[in-house]
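One chain, chain A, appears in both complexes that follow, with chain B as partner in the first and chain C in the second.
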Partner chain A sequence: MSELMTGPALLAWLISLPLLGALASIALKHGGRWPALTVVIVNLGLACLLVASTQSAPLRYALGGWEAPLGIVLYADTLSAMMIGITALVGAVVSWYSLGYFAPGSSSERAFWPLWCLLLTALNTLFLSGDAFNLYVGLEILSLSAVALVTLSSGLEAIQAALRYLLVSLMGSLCYLLGVALLYQAYATLDLALLADVTGDGVLERAALALMVAGLLLKTALFPLHFWLPQAHAGAPAPVSALLSALVLKATFYLILRLWFDTLTEAATYLGALLLGLLGCAAILWGSLQALRAQRLKQLVAYSTVAQIGYLFALFPLLNDPRVADAAFDSVIYFVIAHACAKGAMFLAAGNILTAAGHGRLADLRAANLPSAITLFALAIAGVSLIGLPPTGGFIAKWLLLQSALQVGAWWLAGVVLLGGLLAAAYVFRVLAVCFDVSPPPTSMEASSQRTIVSAGRQWSALILALVALALGFLAAPVLDLFDANLVTD
Partner chain B sequence: MNAPDTDSAVPLLGRLLLAIALIGIALVLGWALWHQANAQTSLTAIVTTELPNSGVTNPVTAVLLNFRAFDTMLELAVLLLVAVTAGMLREHKTAPSSFSDRAVESAFPSPLLLSLARDLTPVMILVSAYLLWVGAKEPGGAFQAGAVLASAGVLAHFSGRPWLSDHQDVRIRALLVLGTGAFLISALAMLGVTGTYFDYPFAWAGAWILAIETAATFSIAAMLYVAFCAVMPSRERP
Partner chain C sequence: MSVLLPLILLSSLIPGIATFFVPEERARLRNTLNLGAALVKTSLVVALLVGVSQGELYEVRVALLPGVEFLLHADAWSLMFISLSSLLWLVTTLYAIGYLAHSRQRSRFFGFFSLCVFSTAGIALSGNLITFLIFYELLTLATYPLVVHKGTPESISAGRKYLAYTLFGGTLFLAGVVWLTAVAGPIEFSATGVLAGRSDLSPTLLQGIFLLLIAGLGVKAALVPLHSWLPASMVAPAPVSALLHAVAVVKAGAFGISRVVYDVYGVEFSAALGVTTPLAIAAAITILYGSTMALFQDGLKRRLAYSTVSQVSYIALGTAIAGPIATIGGIVHLVHQGLMKITLFFCAGNLDETLGITKVSQMNGVGRRMPWTMAAFTIAALGMIGVPPWRDSCRNGTSATAPWKAVPTG
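And now, the complex of A and B:
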């Protein structure tokens, strides 16, 4: 068994294992969490193995022994390995949190585990597949399981948000599929590596790239296509919000990165990158301002995600610039992993506060009805990383971004990033100020006196994710070495 | 949900702009395709060359069950996901009530339906089995066979003799995962037998494919049936 799981076959295992877990937890009427938890832990081990094995050279695996263009090829380089790694890490911590979040035996608990396993299957497929149509199937599983997870929270509002999310996702998938169809019609292959060799900068390639990227942008919620995100992410149960914000958005962003810089490189223009960069800047400002105005805690965190997605796209003009492309790639990967940890921690902590206080209205939250200091500590560290202050992962990402922006003289970009940091500080301190507010709650809030105890597992899991975001600040050099071992740009 | 309201909410100017934008996109796409029209290629030649090695003689089945079996496995997982979600939402009872009330339920199904179900069900099972078997050579296969089998279930439901009363039943859960499970287990088993994921040994390829397709047929029928039951009014609530 051991030799079967190493080498390129590892790629097949990384997708099969979560699917196996999903099947087992669907088949078991009760206790579906045990196969799911086993899968999450083994997946973490496999992800470490993948990060280690991609250090020397990228892995490639032709499924069924059928080479492209006939068959489907799985492919992993250090970028995919980093994404698989951060997914496995955040997924494991969120699973631990979910054990305490959903009441055992409840219908939402029984539905959560299979859906989460399917979501993990889709995430791993998207990070590993080297086939444009296979990616479409992965996108479908991703969207459907994400929508289904949002509906786990009861109430009409969550159902409405889920329905809108479903329609937006379908629209995005169809745009992507249309782009794939154009490419297949012209080049008779779906393999990304083969497409990279044969595609040029013709009208068809540009149209296909525009369609695929537009579809994926809709799913990644880049301003102004973010309209569906705040309701969906704020309305979902806390662990689901954490998964959606930390991982699901990153998967579609990863695909945009791949298409833009690996597959259809020649069709991608600087003008397009600049447009994405400007939209990213708009997202930073708009998301932060909305977070400042938000009335509810989870809404604030969700709008902060809109802003943080903006940073990823603000880097696009720099990624296209050969002078700073390497540093900009480092910055992108750091934004992705630091935000995954920080935002995951923040949503988990917000879930604890919601449980303890019984509501999420920022104006009525007081120190008296908050959970213990562990949750608040997690919230504070995650907030500091989102602002981008040292010594957190968020700081490293922003530092690399500013450095590359100044090197090429993109002052406007540096200005927006600094302003975004200030705005982030303002909205994070809106939350932190609550922790020190000892004034008595409004008289109408009699019910809040009966404080619910939040389990230790839920508090510690939030803190652990926040501490990882902190550790990323100290471990910048080794983490970036893992990524830079063999660069995707060549 | 309230379609008339949202229709009038979009102003005329907005609709006009949307129409212009969509026509623009269509024109660009048309131009792109016309520009590329001379580069007509396809994978048909490679599929035809490799067909003898696939274990079946129908090229569509060869692509779905052998060359791109991984895609088909994940597509079955999509169906499974839909069935599980539909069942879950039913249990939650958060779906808008008008949705389930609209379907009219007859407490006493007509004797005509009952006899129709009695006479047609064996034929449907037979047709389903034929479609499954013929899939190796001619158009047909698990998806078609499963759909016919599921329609037999729908007929039974309407004639007042539903095949299952509880979609949480362990048997239906087993059926739901059977198809994807057969794919996955055989793919992993091949890792041990031939050393490559999804690489069927040549001599057994045809038999493996038939076995997987049979499992997939039952699974697809169960998934479609569960999805159908999830949107039907329940019998307990009049």
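And now, the complex of A and C:
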């Protein structure tokens, strides 16, 4: 058993275990949460093992002993391990939260656990696949389970949002598949490592890269392709919003990163990176402004995601610059993990506020009908990390970004990032000011005196994710060491 | 021995966090915790003073990022600022316990209050620009809940104004720090200034960065025209006003300006760059403007706030004039105005709580009704104006170079 768990077989376990969990939790109609929870906890342990075992060298595992190009290969370096790790961590905390969120035995609870396991399967598949078609399969499972999770919220709006999300996702997958087809007919292989060796910077590679990246951008919701996100993320149940915002978007972003910097490096031009960078800047500004105008709490948090995704892409021009590529990669990693924790915490806290107050209208929220200080601290710490103020993970990410930008003289980028921080402060403190406000709400609220009690587990799970975002501000050196150990980004 | 520095920080951080968990009605537990922490901290600071006077070196370095360190150290300026803040924290805690005896959300209040002092201690002890920046921003965040403590629409909007100014200032400061780090590597404070010997950097660039840094710090130091958050945040409870004005926020700004001019740029180098004259002019304008505005304020706390606007700029002015005596004068003034201003705010709080007096025009005959409070007020006010023997000789030495100080400050 120990050999099975440590070597490259670890990669296979990381994918098959959540899949087994999904099947088991469908089979056990009323106790579906137990196999799911077991899987989530074991997955966290396996993720730690993976992070530890990729430190010396990347892992490679050929399924069934069939090497590429015939067989399918799983592959993990420190970047994949980092993504698996953050997914496992956020996933575990969100699962704890979900125990208190869904009423036991309700139809939404019974649907949630198998779907979440399926989502985890898809995420792990995407982070570990070394094969373009396998990735496509992972993308499809990811979209289908994510869309199904959005529909767990009853109400017409959620269904509409889910339908739009489904169509967008299918469109994105199709684009991606077209790109894969182009590569396959030219090179007769789907293995990413082999493709990296044979592809050049011809028209075909560029077209394939453009198609694949465009499809993934649609799924990652980079401005102006973000139109589907606010409704889907704001309309879903709180734990689902947390998973979608914190993890699902990061998975497709990770694929773009892989394709751009590992597989089709020669076809990826600086001009393309610059374009992505400009779109990222536009996303930062547009998302923040929309968050400032949002009427409802979860809408605000969802638009904040649009803005935060912008930071990831704003780094692309710097990633292409050899002078600062290393610092920029560190920054990307830090944005990804800090945002995963902070945004997860923020959606969970928002879910608590919605439950306690019975509504999410920012104008009518007052201190009196908010949940206890634990949730509010979670909200505040997560918010501070999103703004990028010290001492949080968000600050480290922003510091690295600004420093790299100024080193290569990208003033415009630094300016947008600083402005984005101010706008983020404005929308975050719109929410935090409510926590102190004791004045009577403008509309007569009969519900203002009563508040629903939110369970301690839901409050603490939100705070724990926020505290991780805070701890990331102190642990930057060791965390980045884990990541830098043997990264292959040539 | 360097463990003393983290201990000083933790002596306000841990009680601060613990206070959040104290149930609202356990007033005695909370008071013991806070006073105990203030006493522990004061004794640790005394130990630090003794250690430094015996020639002990205190320094703590932790890697924050590749090439970027979190650095705490204790030099003469740190000691001055940290002694002031820990002493005044002790006094303000005593005052606040009585002042807020019947207020709501006291655990929240004292928790953030301790976090404020934690940040101030961090500002005092930081040994490089990024550490300073971290605590500087933390101070903004920790003071916000104190400004909006009452939760009325008035205080919420004052809080918004406070944040708008200080976060904007923080952004400018961040821009300056990152820029300087990007072109010159990590910047540690040193008594002679670290940029003086760097001939590889263009003067224009350094002037631009200086402007960013000072503008960022100037918001907290309430340099005109970046001052208007200060009178607005007067809606906060009196101990908070005292803390904001006398100890933490404005002094952090002034302290930062001195650090940048002396320990980063170096005083001769700043003069050579030609950046100190504009700073001196800005400080002089602020002194005149603040004093004049103070004369026209009827609200007692607002008048004191404008007085702070003007007084704190003496520190900036002392720094900008940039002679050794002027510097000592400026720094001594930092301590002096801290002590006097906190007394004035305590008195204003007493008048408000006991007699409901918030305006100067209501103060007729108040000396007869609250003789002790008004005696303290008079002493502090005279000290503020600069009547001997309240101001020590160094400070008067500066005044020879600063003719504006004769302006009465209300």
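The definition used in the following text is that the second predicted complex is superposed on the first by the 487 of 490 C-alpha atoms of A that agree within 3 Å, B and C clash if a C-alpha of one lies under 4 Å from a C-alpha of the other, contacts with A are read in each partner's own complex, and residues count from 1 in each chain.
Note that a contact is a pair of C-beta atoms (placed from the backbone, for glycine too) under 8 Å apart; a residue touches a chain by one contact, two chains touch by 3 or more.
For clarity, every value in this text was computed on a predicted model and none was experimentally measured.
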Partners on chain A (chain B, chain C) - clash or fit
fit
For A:202, using the defined touch cut-off, is the partner it touches chain B, chain C, both, or neither? Pick first, second, both or neither.
first
For A:407, decide between first (touching chain B), second (touching chain C), both and neither.
second
Report the partner of chain A that touches more of its residues: chain B or chain C.
B
Could you tell me if A:433 is touching chain B, chain C, both of them or neither one (first, second, both, neither)?
second
Once the structures are superposed on A, label A:19 by its partner contacts, choosing first (chain B), second (chain C), both or neither.
first
What is the C-alpha-centre angle with chain A at the apex and chain B, chain C at the ends, nearest 10 degrees?
170
Touched partner set for A:425, first chain B, second chain C, both or neither:
second
Which partner chains sit in contact with A:391 here, chain B, chain C, both or neither? Use first/second/both/neither.
second
So if I take every C-alpha atom in chain B and every one in chain C after superposing, what is the smallest distance between them in Å?
40
For chain A, what residues appear in both contact lists, the one with chain B and the one with chain C?
none
Which chain A residues qualify as touching chain C in the complex?
327, 330, 367, 373, 377, 384, 389-391, 395-396, 399-400, 402-403, 406-407, 414, 418, 421-422, 425, 429, 432-433, 436-439, 476-477, 480
Can you list the chain A residues touching chain B in their complex?
4, 9, 12, 16, 19-20, 22-23, 26-27, 29, 61-66, 69-72, 107-108, 111, 114-115, 118, 121, 125, 133-134, 137-138, 140-141, 144-145, 147-148, 151, 154-156, 159, 178, 182, 185-189, 202-204, 206-208
Within their complex, state which residues of chain C touch chain A.
20, 63-66, 68, 108, 130, 133-134, 137-138, 140-141, 144-145, 148-153, 155-156, 159-160, 163, 167-168, 170-171, 174-175, 178-179, 181-183
In their shared complex, chain A is touched by residues of chain B numbered 28-29, 31-33, 35-36, 39, 41-43, 46-47, 50, 66-71, 73-75, 77-78, 80-82, 84-85, 88-89, 91-92, 94-95, 168, 170, 173-174, 176-177, 180-181, 184, 187-188, 190-192, 194, 196-200
